[in-house]
Amino acid sequence: MNIELYKNLENSFGVTSLEVKNRNQSYIRVKKEMAVPLITHLKLVESYKHLSFFTIIDQIEKGEFELLYMLHSYSRNHDLGIIVSIERHETDMESIHHLWPAAETYQRELREMFGVEFPDSPGLYENFCLEGWEGIPPMRREFDTKRYSEDTFYKRPGRETNDPAKYMKEKIYPSEAETW
Amino acid sequence: MLSAILTKTFYTFISLMVILNYALLLIGSMARIRAKVQGRVGQPVWQPYIDIIKNYGKRTAVTHGVMFYLGPVFRLAGGLGTYLFMPVVYGFVMFENFSFSGDLLLVMYFIFFGQLGMALGAGESGHPYSPLGVSRGLAQMTAFELPFALAVISIVAQYGTLSITEIVAAQQGGWQNWVAFTNPFAMIAGMLAFLGMSMQNPFSVVIAPQEIPIGPPTEMHSAFLGMLQTNRAIFNGAKMVLFMNLFWGGATHKYLLVAILIMVVKTFLIYLYVNIVGASFPRFKTEQSIRFFLGVPTIIGIIAVILQSI
Amino acid sequence: MVNPVFLIAITLGFAFIFPLFEKINPKLSRLAGILVFLTLVVIPLIWFINISNMDIPYIYSSTVGLPSNLTINLAVSYMEALVLLVVNGVGLFVYLQEAYSKESPWKGKQIILLSIVMLGANGLIITRDIFNIFVFMEISTISLFGLLSCSSDDRVFEGGFKYMLASGLSSVFYLIGIGFFYLVAGTLNLDALPDGINFTGGVLGVLWPLFLLSGVLIELKPAFANGWGMDTYEAADYSLGAIMSGIQATALIIVLTKIIPLIESNIIMPLLLVVGSITFIISHLQALGQSSFKKMLGYSSSAQIGLVLIVLGSGTNILLAIVLLLTHSVAKSGLFYTGKYFNECGSGRDKPLLVVLSSLFVIALLGLPPFPGFGAKWTLLQILGGKSDVFTIFIILLGSLLEGVYLFRWLGLKIKSDRDSGLVVSEVVPDDDAIPGYSSSDTIGVASQTGLAGLGGCIKVHFSSDSFSYHQLFPALMAVIMVVSGVVFNKGVGLTFRFLIPFSGILFFVVLDLFRVPTKFQVFLAIVASIILGFYVYPELNGFNTLFGFIFLFGIGVQFIAFFNRKGYSPGLMALTVGLLVSLISILTSKTNFQLFFSWEMMTLTSYFLVLRGDNAFAGGYRYILFSLASAFFILAGFSMLHGIFIGEYMSLPQNLLPVILIIIGIIIKFAGIGVHIWLPVSYAEAENDVSSIFSTVLSKVGVYMLFLGGLYFSKRVFKGVDTMYLLGWIGVLTSVAGSMMALFQEDIKYTLAYSSMGQVGYMILGFSIMSHLGWISSLYLVTTHMMFIGMLFLSVSGVIYRTGTRLMYQTGGLIKRMPLSFISALFAIIALSGVPPLSGFGAKWLMYSALLEKGWYLQAAMAMFASGVAFLYLFRLIHSIFLGQEKAIYLNVKEAPAPLLIPQYIFMICVMAISMFPNLLIKPLQTVIEPYFASTVRWEGYEVISALGYWNGNAVMYVTMGVFIIPLIWLLIVNRHVYKVKQFNIVYAAERPFKPETTHYAYNFFGHYQKALGFLVEPLISKFWNGTGILVNNLSGGLRRWNSGNPQGYVFQILLYVIFLSFLMGGTN
Amino acid sequence: MEKDMERRLYADTGAPEGSPVVNPDPRTLGDSSNIQLFNEQLKLLNSGLTEEDRLNFCDTPPEVIKPFRGHWENFLNWARSESLWILGFGTGCGAIELRPLMTSRFDMYQYGIQPRPTPRQSSIFVIGGYASVKTMKRIVRSYEQMQGPKFVLGLGSCTINGGMYYDSYNTVNRLDHYIPVDVYIAGCMPRPEALLAGLMELKTIIKEGRGEGANKYAENFEWYKANQKRIIKDWNMPDYNW
Amino acid sequence: MMTNLLFILAGALVLVGLWGILTRRNIFKIIIGFSLVDTGVHVFLVAIGYVKNGTAPIFDKEYSSLHSLLNTVDPIPSALVLTAIVIGLAVTALMLSFAVRLILKNRTLLVDGKKELKW
C-alpha cells in the first residue's frame, strides 16, 4: 500500500496499524465512528470502488466483533481490508448500503448470523438463510451448535464420530502416515 | 335401428381399441428407438401401458374445480372425436367410424375441442405455468394451422371434395397417385405443419422442460394424467391417420388385416419422421417457432394452392 | 289582409313609443314589447296561411298608393311570408330571452335597437326597391352597431369597428352598383323594370352586377373576406350572434334572391357556385380550428350561407335554399343560446334539457333527420345527382362532414363527464396503483360502486329549480317547432305516415322521462313496445327483411331484459334505445331511398347518443359519429347518383359503377372494414355495458344488411378490371384477420370484444362477397348466430364488469367459483364463437369454408382459417383471465351476475343449442330467403347438409360428441376414488407457497410471445394515418385561420381582393 | 452382476453393511408434544396462516386409504414399481448423483424410472443428501403435494444420521422423523450405482406391498407434524399441503 | 364632359379614400378615408343624374311639358344621395364613437395597435 495514502488516512481518519500482507493486499484498522467516512473517502476519492466482501470475525476473547470491509481498487490493483472493532454488546453499526447497494445483502446476513444491527439498511430483518430463527445468532461463538443440534434434532443412536485426521492415518493411509 | 346402433358401437369399440393399443405401442417403441440412438437400453415397449395403469391406480387426487376435473375429459373427448370422425382404413365399414357425419373441416375444427377443454382445465388449476404453456401452445397452433390449412385447401382444390373418404379414394391405384407425389408442395407444407402439431422438438414449446416444466398439465396427476396419456396416444394416432389419409394414400387392401398393417407401417414411418426431426434439433423459442411456420411452410403452402388453382 | 307596411310601421312605432312606455311602467312596456314582437310573428303567419289556402300568389302594396313604378313597393309571397315568420320568430325569441334575462336584462335603447333591427330585416325581406334595400340594410346594420355598443364585452368596439369598415365598404359598393344599375335600367323598382332592355350588355352590364353583388355578398361574410365578421361574433353577446346569423344573414339572402333574377344565369350561377363552394369549405375549415364557441358558430354561419349560395347557384328550387336557410337560422340562434347557458354552467352532463336542446340544434344545423334541413339536403343532392354534378355533391358532403367534425366535437366536450380525459386510452394500461383498492378492507363496496359507475354512469338528472329555468323553455319550444316542421317537411319529401308512426315511440319515452318514470318500468314498456312493433311491421317484411327484422327485434328485445339491472332513472336511455330499434326496423320497412336514408341517419344519431352516455365515451363517440357520418355521406352520394330506387329493384337500375363504389365504401366504413375501423373498438368499448352489447350484437349487422339489400346489384361490377366483390371479399377477410389480431393484444375486455365483433363482421362480409348460395347462407347464418353468442359473451362480461368494477382482464381471475352461470354462458359463447364443433359456430365456419372453396377463393379461405385460429386465442385468453386462474382477494365476495343480465344470456344459449342440434332449423329458412337470388347448391338428407364439396350432420356430431364426452367422464368418476377439493393456493409452486394471487395469475400480456413474433401486424399504422389526417386538417385549419389577422386594414384589403376576385369570376364567365 | 453392484455400493461407505434402514416406529418416540393440529370438527387449524390466507388453502387432513385386496393390488403395485417417477427436486449435494442415472451408462429408463418436474405426477421423492431446516420446509410441502401412494428415498448418510453435518444447527439428523422414508442409501456420497440399487430395493418393497409411506404419514400425521413444526419455526404453510 | 369630370372626380375620391384606409394606421385618418370614399360615391350618384344645363326637378306649370322634363336633372339620384348622405353621416358618427371608445380602451391611436380579436 502506498505509504502516502496511509499517512493521509492516518491524518484524516485516524487510521492505525497498517498491515501489509503482500504487494496487493493490506489491512488497516479504524475506529467505529470513522469507519464509514473512511470508506466513503476511499470509494469516492481513492478509487477503491469495489466492495469485495464484508464480513465479521467474532473475537470473543477480546469481547469484540471485528468487522472486515474488503475493498478493491482496480486502478491500483490493490485490496484494502478495513477492520473495525465493535463491542460485542453494542452491536450497532452504520450501514453502507448507500455506497454499494449490494452491501445490504451482506448486512442482512451479518444481522442474521451475528446479530449485528445496521439501522436503516433496507430489508435488514428479512430472512437471509435461516427462517424464523430464535435465540442467539448461530455464528456467534458462544452459540454451541452441537448442543443445539442434539437438543433440536433427533440423534440416531449408534453413530460413531471419528477425528478425520486420526481416522485417515489409522484406517486409510496407514503406510503413508508414518512419513507425515 | 337398435341393432344398427349396437353394431356401430361395437365397431367403434374395435376401432378405438386398435388405435389405442397401436398408438401406445408406437409411443413405447419409438422411445426405445430413441434410446437406442442415444446408446441406451431404453424403456420397455410396454412402458406406456404401465404408466397409464399406474396413474389410473393412484389412490388420491386433488381437483381445483369443475373445469379442472372436466379438462382431461374434454381433452380425451377431443382426441376421440377427432379420431372417430375420420375413416381409418379405407373400404371397411368397421373402420369408417363416424366419418359420415362430417368432413375434413369437422376434423380440423374438432381438434380445437380437446385443446379448448384442456386449456380450460389447465387454466383453472391456478398454476401460472399452465396458462403460460397454453398460451404458447395456442400461439404456435395458429401458426402451424396456416400451412396445414393451405395444404388441405390445396388437396381440396385438387380433388374437389372435402370428404376424407373421397380424398383417400382418389388416391387409390398405386403410390404414384398419392397426394405426396401428385401434389408434393401440399405434402411438404402439411408435413412441416405436422411437426408443429406433434409438439416434438424443435416445437416443444408447450412442455418446454427447462423453462416451464411440463406446461399445461403441471397440476394434472393421477387419473387426470392417465386420461391425458390415453388421449396422447389416441390423438397422436388420429393425427397420423389423418395425415396418412391426406397425403399418403390412406390404408386399404382387400383383407382387413393387411389394410391395418399398411396403416401401421405408414403411420409408423410418419411418426418416425417426427422423431427423427425431434431428436436432431434443439427447441425453438415460441416466437421463432411462429415465425418459422409463417415463413417457408406457408410459402410452400401458398405455392401448392396456387399450383392447384391455376 | 294586413298590409305589409304595417310591419314597418309597428316596429318603428314601437321604437318611438317604447321610451315613453318605459317611463310609465317598465313591466307593462316589456309586455307591450311581447305584444309587438308577437304581432310581427302573427302577421306573416296569417299571410302564410292565406297564401297557401286561398291561392293568392302575392300580397302587394305600394307605399303611397301610386302605381308601382313611382313608389316603393312591398310584396309578400309564400316565400317571404315563411321567411318573415321565422325571422320574426327568432326576433321574438331574442326579445324574450334578453328582456327577461336574469342578469342585466335589456332596457330602453337596446329594445328600441332590437326593434329597429327587426324593422331593417323585415324591410329587407319585403321591399321590392333596390335602393330601399340599401336603406334597410343600413338601418339594420346601424342599429346592430348600436346594439353592439351596448355589449358587455368591451372588445366589441374593436370588432364593431372592423364590422363598420367592412359594412361601410359594402354599402359603398352597393351604392355604386345602384348607380350603375340606374344607368342601365332607369329605375330602381324591381317590379317596374322596363322590358326588352339588355341589362347585362356592355361595360355597365358587368359593372352593376359586380358592385351590387359585392355589396350584398360582403355583408354575407363570404370566405375569404369574412374575418371582420368573425371578430365581431367573438366579441358580441350571444344574442347579437343570434341576430347576426339568424336574422340579418337570412334577410340578406332574400335580398340576394331578388337580385339574382336580374342577372343572366350563365354568369350568376357559376359565380354563386364557386363563391358558395369556397365559402362552404374554407369557413368550415376555419371553424374547425376555433377554440372560441362564438367564433366557431360565426364561421359556421358563414359556411351555411355558402351552402345556400351553392343551392342558389346550382339552379335548384329556391325553396330548398329557403328551407336550409331557415333551419340554419333557427338552429343557429338556438345554439347561440344553449351555448350561452353551457358557458355559464360548465359541463352539461347534469343538464339534460340543455344537452337535448343543443344536440337537437346541432343535428338540425348539420341537416340530419328529423329536421327540415335533412329533406332539403336530400332533395338538393338528388337534383344534383340527376344532373350528375359530382363535384358539387362532393363539395357539399365534404363541407357537411367538416361541419360535423367541429359541431360534434363541441357537443361531445360539453356532454362528456368530468372524468373523461377525452382521449382513446385503449393502448395504455393504467398503473398498478389503479387496481381498485386492493388493500382496502371494504373492497367489495368499492368494486360494486365502480361497477355501478360503469353501468349506471348515465346522465344524472335532477330537475331542480336551479338547473332549470324557464328561459330554456323558449329554445325548447323552438326545437319542438323545428322537429314538427322537420317531420312535416320530410313527410313532404317522401316519408309516409305509416313509416313515421313507430318513431313516435321516441317521443313517448321522452315523455316518460319527463314524468320521471323509473327505468325498470320503461324497460318493461320498451319490451311491450318492441313486441307491438314486431306485429306492426310484420306484414311489411319479407325475405331478408324478415330475417333481419327478427335479428333486430329479437336481439334488442331480449337484451332489453338486461336493462332491468339499472337502478333509478336513466333519462333518455330507453328513448334512445327504442329509437335505435325503431330506426333499425324502419331501415327494413323503407320503401324508398329517402326513407331508407332517413332511418339510416336516425340509427346513426340514436346510436351516437347512446355511445355518448358512457363515462369515457367522448373520444369514442366522436370517432363513431365522424365515421358514421362519413359512411352515411358516401351512401348518400351513391344514392343521389343512383337514378332509381335502391331497394329490391336493383336489376332495373342503371349500370353505373360510381354509385356502387360509393355505397360500398359507405358500407365498409359502417361495418368498420380494415383501414376505417378505428372508430369501432373505442366506441363499442366506451359505451355502457348493456348498450355496447346491443351495439355488438345488433348494430354491427346493419352494414351487412345494407349489403344484402343491394344484393346482386353489387355483383358483377368491374372496377379497373377487378370484380368489386373480389375486392370486398379481401377487405372482409383482412378485416377479420386484423380484428382478431388486435383483439388478441388488448387488456381491456370490452376492447377485445369490440375488435372481435369487427373480425366476425369481416367473415359476414366475406360470406356475402362470395356471391353464391352457400356464401350467402354462411353469411346470414353467421349474422344470426353471432348475434346470439356475442350477446351471451358481452352480457356475461357485463356481469363481470358490473360485479368487479374493472374492465382489465388481468385484474380479475378465478371468478368461475363466484359466477358459475356467467362462466357457463361465456364458455358456450366462446365455443360457438371460435367455431369449435359441436356448437353452431362450426356450422358457420363449415358453410363459409365450403362456399370459399367452392368459389375457388383458396387464399382467402386460408386467411379466414388463420383468423379463426387467432380468434380462438383471444377467446381463451378472455375466459381464462376472467374466470380461471387465481382469484383476487378483493373479489372473494363477488356474487353471481344479476338475473337481468343472466336471463338474456340463457335465452340466447337455448337458441344456440337448438341451432347446434338441429342446424336445419336455421339453414332451411335461410335457404328460402336466398332462393330468389341463387339456386340452392346444398341438399338435405335428414339432418345432414350436403354441399358440392362436403357434408355436415350437426345432429350426429352432437350425439357423437356427447358420447365421447360422457363415457370418459364416467370412467374418470369411477377411477377417481378419493378426490379432494382444494383451494387456489394449493398448487405446485416450486415447493414454495404463493403469496399473492396477483403475481400468480398469468394473465397480463398473455400473448407476449405472439406479439414478439407478429406484433408488427398490429402496429397502429391506421390510427397513425387517421391521427395524421386529423393533424393535417387541423394544421390546414390553423393556416386558414391565420388569414384573418385581426387587422382592420387587412380586412379592408381582403374585401377589395374579394371584389377583384368576383370581377374576375364575372369577367371569366363573360 | 447385481451382487457386484451391491458390493461396490457399500464398499466406500462407513455405514454398516446390510439392508437399508427401516423406518422407526413413531409411537416409541415420544408424543406430539404440545402442538395442536385439529379443532373439534377434525379440521386442520392451519395456525401458521393468516386469516386471509386460510381462505386460499385447503384444510383437509390426509386420510389413510386402504389398498385393494389381493391380486388387483398386487397388479397395481407391480405397475407402481415399474413406473417410478422421480420428483426432480435436488434437495442437497446428492442431487448431482441423479443425473448420471439418466445417461446411457446407467439408463434408469430401462427400469421404468424417469424424472418428472412436478410433485403432482411423481411417485418417488429422492432426498439428495443433507436436508437443512430451510429445505425441510420445502421437502414437506412437496412431499405432501405428491399423490399417494408415494415413496421416499433417503440418499446419503446425512439423511440417515446427519452425516458430517451431524452437529450443525441447521441440518436435520434423521429424515424419517419428518417424512416416512422407504429406503435409505448410506454413503457420502453414494455412487449412482448405489442409488440404482436403492431404487431396485424400493421396487421390491413396493411389490411386496410394503411401500405404504403415505398411509403411514396419514396415520401418524400428528407426530410427523409435531416434529416438523418443532424445527420449522416460521410455519407459514397450511398444516397439510394438498 | 362635365359628367365625365364628375365621374373622374368620384373615382379619384374613392381611390384616395381607399388608399387612406389601407395605408394610414391612425384610426381617425382611416375614418377620414372612409368619408372620402363615401363622398366619392355621393358624387358618383349625383353625376348619374346630372343633365348638362338642366334645371332643378321642381314641378310647376312651366315644366309640365315632356320637353322640359328632359331638361331637368334626374331627381332620383339626388334623392338617393340625400338619403345616402344621411346614412353615411350616421355611420361615420357611430364609427367615430367606436373609435373614441377604442382609443380610450387601447390608449393608442393606431388601429392595429392592440389586437385582441384575431384568427
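A, B, C, D and E are the chain letters, set down in written order, and residue numbers restart from 1 in every chain.
Quick note on the criterion: a residue touches a chain if its C-beta (ideal position, glycine included) is under 8 Å from a C-beta of that chain, and two chains touch if they have at least 3 such contacts.
None of the values given here were measured: they were computed from a predicted structure.
Steps from subunit A to subunit E, minimised over paths through touching chains, total 3.
The set of chains touching subunit A and also touching subunit B is given as D.
Here the two chains linked by the largest count of contacting C-beta pairs are B-C. Relative to subunit A, the most remote chain by averaged C-alpha coordinates is E. Relative to the centroid of every protein C-alpha atom shown, the closest chain centre, again from C-alpha atoms, is found for C. Chain geometry summary: the mean Cα position of subunit C and that of subunit E are 50 Å apart.
One finds 116 Å separating the Cα centroids of subunit D and subunit E. Here the CA centre of subunit B is 38 Å from the CA centre of subunit D. Contacts with at least two other chains are made by residues 977-978, 980-982, 984-986, 988 of subunit C.
Counting partner chains per residue, subunit B has residues 59-62, 218-219, 222 touching two or more of them. This structure has the following touching chain pairs: A-D, B-C, B-D, C-D, C-E.
Residue ranges on subunit B touching subunit C, taken from their complex, read 56, 59-67, 69-70, 72-74, 76-77, 80-81, 84-85, 98, 100-106, 109-110, 112-113, 116, 119-120, 123-132, 134-136, 138-139, 141-143, 145-146, 149-150, 153-154, 156-157, 160-163, 218-219, 222-224, 226-227, 285-288, 290-291, 294, 301-302, 305, 308-309.
On the subunit D side of its complex with subunit A, the touching residues are 29, 133-134, 137, 160-162, 166-174, 177, 227, 230-235.
Every residue of subunit B that touches subunit D in the complex is listed here, in rising order: 31, 35, 38-44, 47, 50-51, 53-55, 57-62, 209, 213-214, 217-222, 225. Subunit C meets subunit B in the complex at residues 814, 816-817, 820, 827, 830-831, 834-837, 842, 845-846, 849-850, 853, 856, 858-859, 861-862, 865-866, 869-870, 872-873, 876-877, 879-880, 883-886, 944, 948-953, 956-957, 960-961, 964-965, 968-969, 971-972, 975-982, 984-989, 1000-1003, 1006-1007, 1009-1010, 1012-1014.
Listed in rising order, the residues of subunit C touching subunit E in the complex are 131, 134-135, 138, 142, 145-146, 149, 154-155, 157-162, 164-165, 168-169, 171-172, 175-176, 178-179, 182-183, 188, 231, 234-235, 289, 1041-1042, 1044-1049, 1052-1053, 1056.
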